[in-house]
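Chain naming follows the written order as A, B, C and D, and within any one chain the residues start at number 1.
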Amino acid sequence: MSEILLSTEHITMQFGGVVAVDDLNIQIEKDKITALIGPNGAGKTTAFNVITGGYQATNGMVTFDGTVIGENYPRAKMKKIYNGSYKTPYEKQVVNTPDKITRMGMARTFQNIRLFKELTVFENVLIAKHCHIKAGLFSSTFTLNRAEEQKMQDDTAALLEKVGLLENKDDISSSLPYGKQRRLEIARALATGPKLLLLDEPAAGMNPKETEELSAFIKEIKESFNLTVFLIEHHMNLVMEISDHIYVLDYGKTIAEGNPTEIQNNPAVIRAYLGDEEL
Amino acid sequence: MMKIRRNQMLTIITLIVLVIFLYWLNAHRHQNGMLVSVLTKGVILSLVAVSMNLLNGFTGLFSLGQAGFMSIGAYTTAILLIPVKNLDGVYYMNGISPSIRAFKELVAASPQAVQILFPFFALLLGGLLAAFAAALVGIAVLRLKSDYLAIATLGLSEIVRAIFSSPQFDQITNGSYGLNKIPNFPVMLWGAIPSLITPFIIVAICIVFMVMLIKSSYGRAFKAIREDEIAAQAMGINLFKHKEMSFVISSFFSAISGGLLAMYMRSIEAKTFSITMTYDILLIVVIGGIGSVTGSILSAFLVTAAKEWWLRFFDQPLVIGGWHVPLFKTGFRMVIFSLLLMTVVLIYRKGLMGTNEFSWDRLIARFTKRRSAKGGAK
Amino acid sequence: MSMTTILQHCLTGISLGGAYALIAIGYTLVYGILRLINFAHGDIFMMAGYFMIFALASFPWPIAIIITLTVTTLMGIGIERAAYKPLRSAPRMSIMISAIGVSYLLQNLSTYLFTAIPRGYPEIPFLKQIFQIGTISASFVTLLTPVLTIILVIILMLLVNNTKTGMAMRAVSKDFETAQLMGININRVISATFAIGSLLAGVGSILYFTDRMSVTPFSGTLPGLKCFVAAVFGGIGNIPGAVIGGFFIGIVETLLVALGYSTYSDAFTFLLLIVMLLVRPTGLFGEKTVEKV
Amino acid sequence: MKKLTVCLLVLVLLTSSIFATGTTEQKSDVKEVVIGVFEPQTGENGGGGYQEVLGMRYANLMYPTVQINGETYKVRLVEADNKSDKTEAVTAAQSLISSGASVVLGSYGSGVSIAAGDIFLDNQVPAIGASCTNPQVTLGNDYYFRVCFLDPFQGTVMANYAWQEGAKNAAVITQLGDDYSSGLGNFFSRAFTKLGGQVVSEQQFQTNTTDFKSILTNIKAANPDVIFAPSSIATAPLIIKQARELGLTAKIMAGDTWENSSIIENAGSSAEGVALSTFFDDSDPATAEAAKFITGFKKYLVENKQPDIIPAVSALGYDAYLTALQAIEKANSTKGSAIRDALVSVDVEGVTGRIVFNENGDANKDMAFIKTVENGQFKFLKTVSVAN
């Protein structure tokens, strides 16, 4: 087995009495495309949020690139009502805010596109470059970091060119067509310079042609940016086409994992999806 | 390229005209008292309006604490600058704290150069104190969202006001009695810039700083927070750090503006910096356009001029040809004003400038368009 | 401090708290539904004071009270229609600015119409009857305020829990969009909310001003803000919470003044707000909500 | 549509500015001198300010012209509302100066006068305060004069009066952030303690307070013989009524501001027995000028829909106007600095007594009128003079 970039250990997320993610163990290999699938409400986005720091897991641990980026155990009220299937509590509490995790090299997109709507395409990407800024507030204000600023601008332009949005660079982002908005959101995530890219349903709302383009696009950026990709998706065609490894989630629990062929033939998966999604 | 050159030329010419105008005004200030005071108040308010806009318009933090931070600046400046000889007169009721007096006497006895720079130091110190206060308070309140933040900051400014007016601090702030005999604006560059022009220079420097900040990478991060906090955070922007920066900087400049206001008014009291003051600033920002620096500046001058000058006749009984026009009586001006605000809020939601900034291109385009339209009609 | 003094202070505090509670309900209802701090609510309360002055000048008190309450209620609905409804889809900041604008307008309008000179609030004789219990003396209205407040709150709770409109109100405050999809007439519910809030502010106004006897265009500002704090304290959207918040602030404020810290009595309210928001943002009885990413 | 409205708005603003300047620069053949009226007509002290303005307007009616160098100048009053607010005060003062005022009258409320004092000083326009009693108004300001007595004097007067009435314990209520109230309260306390009395309770309240029950409860617990509560017209009836409601029976006293019929109107029977010091008494005109003023002004008050009781501040406003007029005549000029120099040596027989300024610019008044409320009327009790 090659190097593991991200792993989750016994991740359990409980809201009140509801266990949304139960004992999730995922290992994402470097330079591979891994997918997380499952019917609606299976807890996929919640898992994403736990990994990116949006939520703090109730119990479990997330390791990224060799460092523990999140660890928690049931505390206070949760101690009494904890209902996850993995009972042994972890011992430490490690909390990282999403921005810090992003700066460590993990970038994400959102299920319901969250662009900086009133800003231009160029600004959207340029802002993502801000997270690695070296100059302080004052040197940046007095443009003492001209070289850095110039590099940020140049990189942004280069990135936009690569993703084919350079012609739209001065458009207000919300005025772009849907497909391009998706692409811009991915470009914006790339601008933070990630090792791992998390895509939350990137093909949602796309027609088959657009989806095809997207899968080519994902493969392309994976190669040119040296990325590891982790995605949630409903479009099985897309998932089966590009994924190296797939995890299936249902009612918060992992019901299967394996390569696309294995998954396609897994009876538990078929059962979970029956009537839910075309397979 | 040509266009940029032309725009630069236009800007330089406008600046020169402005400077000449200010010097002319300085020479004829006695005949133009109203103009001078409207412009001075306008420029001071434009600074606080821009700093409020930095928070509300660019960072998306709806804060209503400006008056509180202004009062910190105003009080610091005032306490430091009241001449030693007037101290007994000002603090006639409770006396001044001996340590402050000793410090002021020390300054008064120090070399000329120190004394010339002292007013600027006082302004700066006021700003820094406010910035410090904002940094402390920000840790707590910046966790709050939209309207909660608004009401919490409003509350903060009321707390600051209560502290300044409380009898416990009589010997520092002169509690109930307020401070007066505050010296006028200092001259700059050994008198080359007369005291009338000083506030314009200071405000210009401050606003230029804020504009440059907004244009910098940090400014872009502020805008990202305004647009979408969660996405901004996912892009690696530390929400708290950036909100705190914006809050601290905005408070710093609000306090500078407060200090200038103290110099302009020559007399301050805690009551001056009440909720109404914040509302007035908010009104300027809204009319100018939330998210537009030039809008705020323009609106600060327009609102001040309209309120203090042009619309004053609404308050006077008006008789046209023997007919006593009804409605015209004391208070009518402010009613008109509130209606104007509501019109902007409900109908012209973008205010004067929306989120746009002033640009020569736009102005010229507007004029040429009109002309060509007319030409077409012929 | 002697026992009588303490009792007297408590009585004052409870009475003040009762009036606060009635105003706080208006804030809590409106916030529950529109997520809007109705900055104009305090000014509606102030305007109700003026309405009463004019109504009582030409009518006997029972009719005057009815007129005042009707006009106040209508004004509340009118303000919502004119200043908030057009902004329903606008960002929250705009609607809040609109609320501040309405407050600004009402203050300036009443300064213009009634001048800034305080108007004496007319006396309703039976309300001002002075009672002497031992060494404590108080007017009837002081004693009546808390009792009436509690009665009104019970009635309101019954209405909210048992009528169709009440159910609709609760639904809207839980989930605006879904309620709309379920066929609830949002505008009617909002109007009803403003009507109830303003009506209670009207009642609060009569009780408050009868006890304090003077109305100025700025009478509503501070009580307004304090009552908002009371609503937050009790848990915004929660009616009994607002009432308890109102009483709490009324009593503490009175005690602070009594102890000689009147400078800090307003500051205290805001400090309470900030501390509350930091420690328990949902207030005493508020429900916790999870924010969706 | 939007553009049209913007254009309209600009048009309105422009025409209004023309109006605004048009009203101040009416060119006519008649030579005129402008007297600025710097008074609050809105805000906390709007009521008292308006009464003072009435006195000035009436004086202007009576004496509409002035002789300068043998020529008749018409006197034009220009009013500016300082809104009882120190920030507004500065701009209001500025607006008076730019409308060419040679001399300024006012203001009611010492705080605003102190705030605007430096503006008048800088522009060399003398100001004559009518009823601002705080010492700071004229102290150190060569261009500020005043025709009334000062707070230290007034405080002493009331302390003496209380002492003479047999009071040994006093309670003082003052308004935070108000120069007049805190100042006068303080001067009273000092004088009263000096006489041997004891101030048993000192209470403060904030601006816009309407609920005085808690501080009054404290006062009740201290059981004073008198309560001294210098405050604005707005707060007076509240204090009086709430005190009686709580069963406080101590005598309530205050300063000049309380001589306003609206207080009796609002406080009703509770106001009975309230004592205050004031500048003027209309039942006993000291001079012919005063007698003429009393009858004439009462009519004027009725015309202006006011109760026909002459407020002392109106009389002072009238006197301030007379003083200004005499100074202009004496200076033989409309120039501020000349008028200022003339003011130093004026000697006016006003309706509130003789006005001669001392080196601070304060009128040498050594007499105050004590009045009390009886049967719903202010009733003259006695005059008190205190040797300084």
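Here is the rule we go by: a contact is a pair of C-beta atoms (placed from the backbone, for glycine too) under 8 Å apart; a residue touches a chain by one contact, two chains touch by 3 or more.
On a predicted model such as this, the values are computed, not experimentally measured, just so you know.
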item	value
Intersection of the contact lists for chain C and chain D	B
Chain whose average C-alpha position is farthest from chain A's own	D
Chain A and chain B: spacing of chain centres that average the CA atoms, whole Å	44
Rounded Å distance between chain A and chain D, as computed from the means of their C-alpha atoms	72
Euclidean distance of C-alpha centroids - chain A vs chain C, Å	47
Chain centre separation in whole Å, for chain C relative to chain B (CA means)	33
Touching two or more other chains - residue numbers and ranges from chain D	42, 176, 204
Residues of chain B engaged with two or more neighbouring chains	165-167, 230, 330-331
Where chain A touches two or more other chains, by residue	54
Residues of chain B touching chain D in the complex	30, 32-38, 41, 86, 89-90, 92-93, 165-167, 175-178, 180-181, 184, 261, 264-272, 277, 302, 306, 308-316, 330-331, 348
For the chain D and chain C complex, residues of the former touching the latter	42-44, 46-47, 50, 84, 176, 203-206, 208-211, 213-215, 217-218, 220-221, 233-234, 237-238, 241-242, 245-247, 262, 265-268
Residue numbers on chain C that touch chain D, as the complex places them	1-2, 4-5, 8-9, 12-13, 16, 111, 115-118, 120, 123, 130, 132, 135, 137-139, 211-214, 216, 218-219, 221-222, 254-255, 257-258, 260, 262-263, 265-266
Chain C-facing residues of chain B, complex	56, 62, 140-141, 143-144, 146-148, 150-152, 154-156, 158-159, 161-163, 165-168, 230, 275, 279, 282-283, 286, 290, 329-332, 334-335, 337-339, 341-342, 345-346, 349
For the chain B and chain A complex, residues of the former touching the latter	209, 212-213, 216-218, 220-221, 223-224, 227-228, 230-239, 245, 355
